[in-house]
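Take a look at the structure below.
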Amino acid sequence: MAKKTVLLATALVFIFVVSTGVVNAQSARDYISIVGSSTVYPFATVVAEQFGKTTRYKTPKIESTGSGGGLKLFCAGVGVEHPDITNASRRIKKSELEKCQSNGVTEIVEVKIGYDGIVLANSNRAKPMKLSRKDIFLALAKEVPDPKGGEKLVANPYRTWKDVNPSLPNIRIEVLGPPPTSGTRDAFVELAMESGAKKFDWLAALRKKDKKAFKAVAHTLREDGAYIEAGENDNLIVQKLDANPNAVGIFGFSFLDQNTDKIQGSYVDGVQPSFDAIASGDYPLSRPLFFYVKKAHIGVIPGMEGYLAEFTSEKAWGPDGYLADKGMIPMPDAERYKYRADVAKLHVLTALK
Amino acid sequence: MNKADLIRAEEKKTPKRTIDVVRAGLAKRYRAEGRFKLYGLGAIIISLLCLAILFISIVGKGYPAFQQTFIQLEVFFDPAVLGHENLSSANFPGLVKKTLRNMFPDVKGRSDKRALYQLVSTGAAFQLREMILKDPGLVGKTVSVWVPADDDVDMLMKGHFDRKMSESGGRLNNKQLAWIDALSRQGKIEKRFNTIFFTSGDSREPELAGIGGAASGTVLTLVVTLILSFPIGVAAAVYLEEFASKNRWTDLIEVNVNNLAAVPSIVFGLLGLGVFLNFFGLPRSAPLVGGLVLTLMTLPIIIIASRAALQSVPPSIREGALGVGASKMQMVMHHVLPLALPGMLTGTIIGMARALGETAPLLMIGMVAFIVDIPTGFTDPSTVLPVQIYLWADSPERAFVERTSAAIIVLLAFLIIMNAAAIILRKKFERRW
Amino acid sequence: MSPTTLLAALLMLSAAAFYFGRQRAFAIAGKAGGTRHLHSRPTYYGLLTALWCGIPALLIFVLWLGFEDKIITNLVIADLPNAIRHLPENRLNLVVNDIKNLVTGNIVAAEVDATMQAGAAHYRSLQATSNAALAVVALSLGIVGAVVVRSRISRTLRARNLVEQVIKYILIACSCIAILTTIGIVLSVLYEALRFFKAIPITDFLFGLKWSPQMAIRADQVGSSGAFGAIPVFLGTLLISAIAMAVAVPVGLMSAIYLAEYANRRFRDVAKPLLEILAGIPTVVYGFFAAITVAPFIRNSGSVLGLEVSSESALAAGLVMGIMIIPFVSSLSDDVINAVPQALRDGAYSLGATRSEAIKQVVLPAALPGIVGSVLLAVSRAIGETMIVVMAAGLAANLTLNPFKTVTTVTVQIVTLLVGDQEFDSPKTLAAFALGLVLFIVTLFLNVIALKVVRKYREQYE
């Protein structure tokens, strides 16, 4: 009898909860929904928090889904069940823009928010590495020009940094970096590897002649264990570097900024990564960050204008703004003004240049 | 032939008695017995050792987060700074800055001032705002307020920063160190119990970040999961084990259940996205959906464990019950189920423990998110503790390291409470025959 | 009456119906000369009444709420001014969202104008009407159900059989959820997987020996060696799972045996829950532990012994994963061993067996099906585990069985591919779905074999 009562009670509670779920599922959305890149996430969240705490609106919800996943959700359509804004660590692709348009998301506002520096770093206990982009290319490409000379490619023969460049230390090449699905990797390959490859005259000539063949050389990282795909958790890379002084890591500038007592940035072409060096463009490796706004949702989802205004205000993305404190590299003044004006006018992205 | 020879011959002729064979091997068997027991004990000690190491490393890293450095400010709620009309959007950051300038009047120059402002958390302004909104009468008065210090100051006070590093690119410069020393001489900076950590939602400022939101989301999600998965799991197991005739259909279900247990959890996330969000149109990031997905994920574990428990109930119990005239349903409900309950509870504990620590499936249904407001209903956007841990573990700020560990401690506390409840239940039902 | 209160009311009504029906049964039994003259025990009559009172009313309740919103929304839209009504579908949705925000008292985006106010008022009144109607319908249905059943209660009403029938249907429905889940998974993975196989031939995927999704992220890039051969990935999964099982099975099984057979009650009461905590520690923690503590340790001891160990070795991930799944083996096996009847042990002892002999030769074979079940569960967990491998074993897909090398697993690839920055339609992302599907099929196949094996060796002891 007692057991039966327990059973009955459980069943009743069960039905109760399921039904309350059904009841509640119909409430409307009164907050901004943002999805997208995990690289932009730490910056967008600061703005969202400021916005939520200083206005009467709720704090926007920001999901970390990756740029691709974010754009897919964003482009799925107009309406409350779809996100209002997506963050991206790369520009929207043509195919994605078309997908958006075919789903009725015809008016998208593109906002560039600043730059993220990409740094190479190693443990403080070792000497700082003084690399050139050519060194990076030779150390990490899957196929490199034959060291014996001649215009042909061989599988990367270099085992130690000293093999690559006699001025570098005699330690095994061990680089922890992002996987091929990452935008950081994409930008790194573009900025460091490609310009490293261009240092070889015949590869530069190849680039003019057959762009695809050149990129196939420059964009493929070696897979023999010297380059270790370490996942997207940059803190983990920092800790692994701390544990292994011989390794070099590739990650975003903000992680270097926060861990200067453990790791040091490697010189690239004679410049050590620092806030000012990246902002002035002296340090060569940085990439732009974006977010995309659904114009149809502006004025309908509560707080959209306010969030945009907060993000594009000087106190957020300016050189002394709170985003800079978090490690984002601000855009030059002219570019900032342009994008602020674009946002104010809700300038719609029509076609990709 | 003498007598001794006779006996020897006799012994040769008659086979050895069993007892002698047994005795001869006895010492060896006892040694094997001892070894076997030792292996068992060793196995447990190894496991517990691993647990201890994990616990020590987590608690060692995490316990400082239960304290937070606060700085005492003498705030004059200056009507000139606040203005009169709209107090909620008044310049509270300006008020904090003015207070700091008053405390260190000899700080000049833009960059030095900026460095000074960085000592206190941006949350100080929000705190003052709330004070004023609660009691507008404070305008024009001077109040002494403890506000949270910036995370870098907090890290310094907890000894995570090396002071020698300060000029060579550390997070705090020498002037800031001097100000902090001045404050601590005046007793205006101290570590206090960190209530913010338990009550507030997520934040990008470590000193303002709390697990209140994630904990509340976890409770909501797990309530849904437990309420759905335990009854359904037990019911399914009872049907499969006790009622279903053994045919292809039940084989199919059985293989299916076993297979679902091996499906990577992120695939359940894809399922949740496809079915609950896109098909049924349930809201994203809601504990309801999270609970449903985790239910589907834990069901196989509960079903498998429950079936094992049912199988281990001796047939004599069933036959006894049937023999005195119980129907099959009565036999199961009154006799078999209570006896199998401890095993079912074990399965449920393990299943819930897994649900409690799961991150990957929630990614696809939008629960890996930055959520500041604390969820109160089953459809409010929310996140859960393991996701919070995952997100914090990925944050660049150093102060998040200890908060990550502290959040893990809280998660483990959750786990222990859940386990304790189930153990009490299990002990009530457990029996050996 | 708000839906929540109505629900509570319905539940109360059912509870009342239970006593109502039972009372009736007692009354009839009293006349007939005791409850033994009834077909079923009085409780069953009560339950039957409660079920007939509650189930139809709840069904109506759920269906009503399911459609209520749609209908009310349409009615409200129909009353909106033409200009708004003729907006495109999705724009209209946003306007309706605003109206709903207004109704629930949330902050709205735009200035509230008269139309919106009117719409909101309309919505509110419709909702009130609908709720009232629902309350009347559901409650009267419940009462009618209860009254009808009560009137039919007699000595010969086969109440127990009817109740048991209902319970059985509920049980069947519960066990079918597993099937529905499987169908759901296959459906949600299949479409994208097929798109992947359109881009990459299925044979290349299944039999390819090279996994290197270095494909272009942007259109103007060249994806050089975009190889999608799944074998290294599956082999990596196998390797790491095997290492994990090599840790978890011996340790877990011996722990279970000790707990069930040797340990005294106090020790068991403490140790078992402690072990179970191992399963609940978030995998992120294990991941950090593996990556920061175990992996460098293995690497350093390897270099002392002259072995070349990668800093992201499969061994580190496997060992730590093994620790995590110990409780899966130990706790469940402990329960199963505990459930082996004492008579079996006593029989073995009486034949002169030592404890360990009795365990090895009598108890373990008797408990084997349950133990195999727990091991299967542990294997499943090992295959499905993600975070530890992501953090400790890296992502490089080497075709190797050397535990000191870096390998990757299916789950890790799925996660990194799904949350990456690449375009969502690229084969790179779609590969995640294909991996999921193939993993699903492979484990299904393994489970079929396991079922056959278990069935063959399963014995029931008494």
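Chains here go by letter, A, B and C, matching the order in which they are written, and residues are numbered from 1 within each.
In this section, contacts are C-beta pairs under 8 Å (C-beta built on N, C-alpha and C of every residue); 3 or more make two chains touch, one makes a residue touch a chain.
Predicted model only: the values in this text are computed from it and were never measured.
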Starting from the Cα centroid of subunit C, hunt down the chain whose centroid lies farthest away. A
Give the chain pair, either A-C or A-B, that is connected by more C-beta contacts. A-C
How far is the middle of subunit B from the middle of subunit C, if each middle is the mean of its Cα atoms, in Å? 18
Taking the mean of the C-alpha atoms as each chain's centre, how many Å separate subunit A from subunit B? 29
Would you kindly tell me how far, in whole Å, the mean C-alpha position of subunit C lies from that of subunit A? 33
Quick check: what residues of subunit A touch more than one other chain, meaning two or more? 4, 18, 20, 27, 29, 38, 56, 58, 64-65, 232-233, 236
If a residue has to touch 2 or more other chains to count, which residues of subunit C qualify? 288, 418-419
Subunit B: positions in contact with at least two other chains: 231, 363, 393
Looking at the complex, which residues from subunit A come into contact with subunit C? 1, 4, 8, 12, 15-16, 18-20, 22-23, 26-30, 37-39, 56-58, 64-69, 71-72, 77-80, 88-91, 93-96, 99, 104, 142, 174, 179-183, 186, 190, 211-212, 215-217, 219-221, 223, 225, 228-233, 236, 239-240, 243-244, 247, 296-297, 299-304
Could you pull out which subunit B residues touch subunit A in their complex? 88-89, 114, 118, 122, 126, 161-162, 165, 169-171, 203-205, 223-224, 227-228, 230-231, 281-286, 288, 333-334, 337-338, 363, 366, 368-373, 377-379, 381, 391, 393-398, 401
So in the complex, the part of subunit C that touches subunit A is made up of which residues? 3-4, 7-8, 11, 14, 18, 43, 47, 50, 58, 61-62, 65-66, 69, 88, 90-91, 93-95, 97-98, 100-101, 103-104, 106-110, 212-219, 221-225, 287-288, 291-292, 296, 299, 310-312, 390-391, 394-396, 398, 405-406, 416-426, 428-429
Tell me, which parts of subunit B touch subunit C in their complex? 22, 29-30, 32-33, 36-37, 39-44, 46-48, 50-51, 54, 57-58, 231-233, 235-236, 238-240, 243-244, 251-268, 270-271, 273-275, 296, 299-301, 303-305, 307-309, 311-316, 327, 329, 342-343, 346-347, 349-350, 353-354, 356-357, 359-360, 363-364, 385-386, 389-390, 393, 408, 411-412, 415-416, 419-420, 423, 427, 430, 432-433
Looking at the complex, which residues from subunit C come into contact with subunit B? 160-161, 164, 167-168, 170-172, 174-179, 181-182, 184-185, 187-189, 250-255, 257-259, 261-262, 269, 271, 273-286, 288-289, 293, 323, 326-328, 330-332, 335-336, 338-342, 352, 354-357, 359-360, 367, 369-370, 373-374, 376-377, 379-381, 383-384, 386-387, 410-411, 414-415, 418-419, 433, 436, 439-440, 443-444, 446-448, 450-451, 460, 462
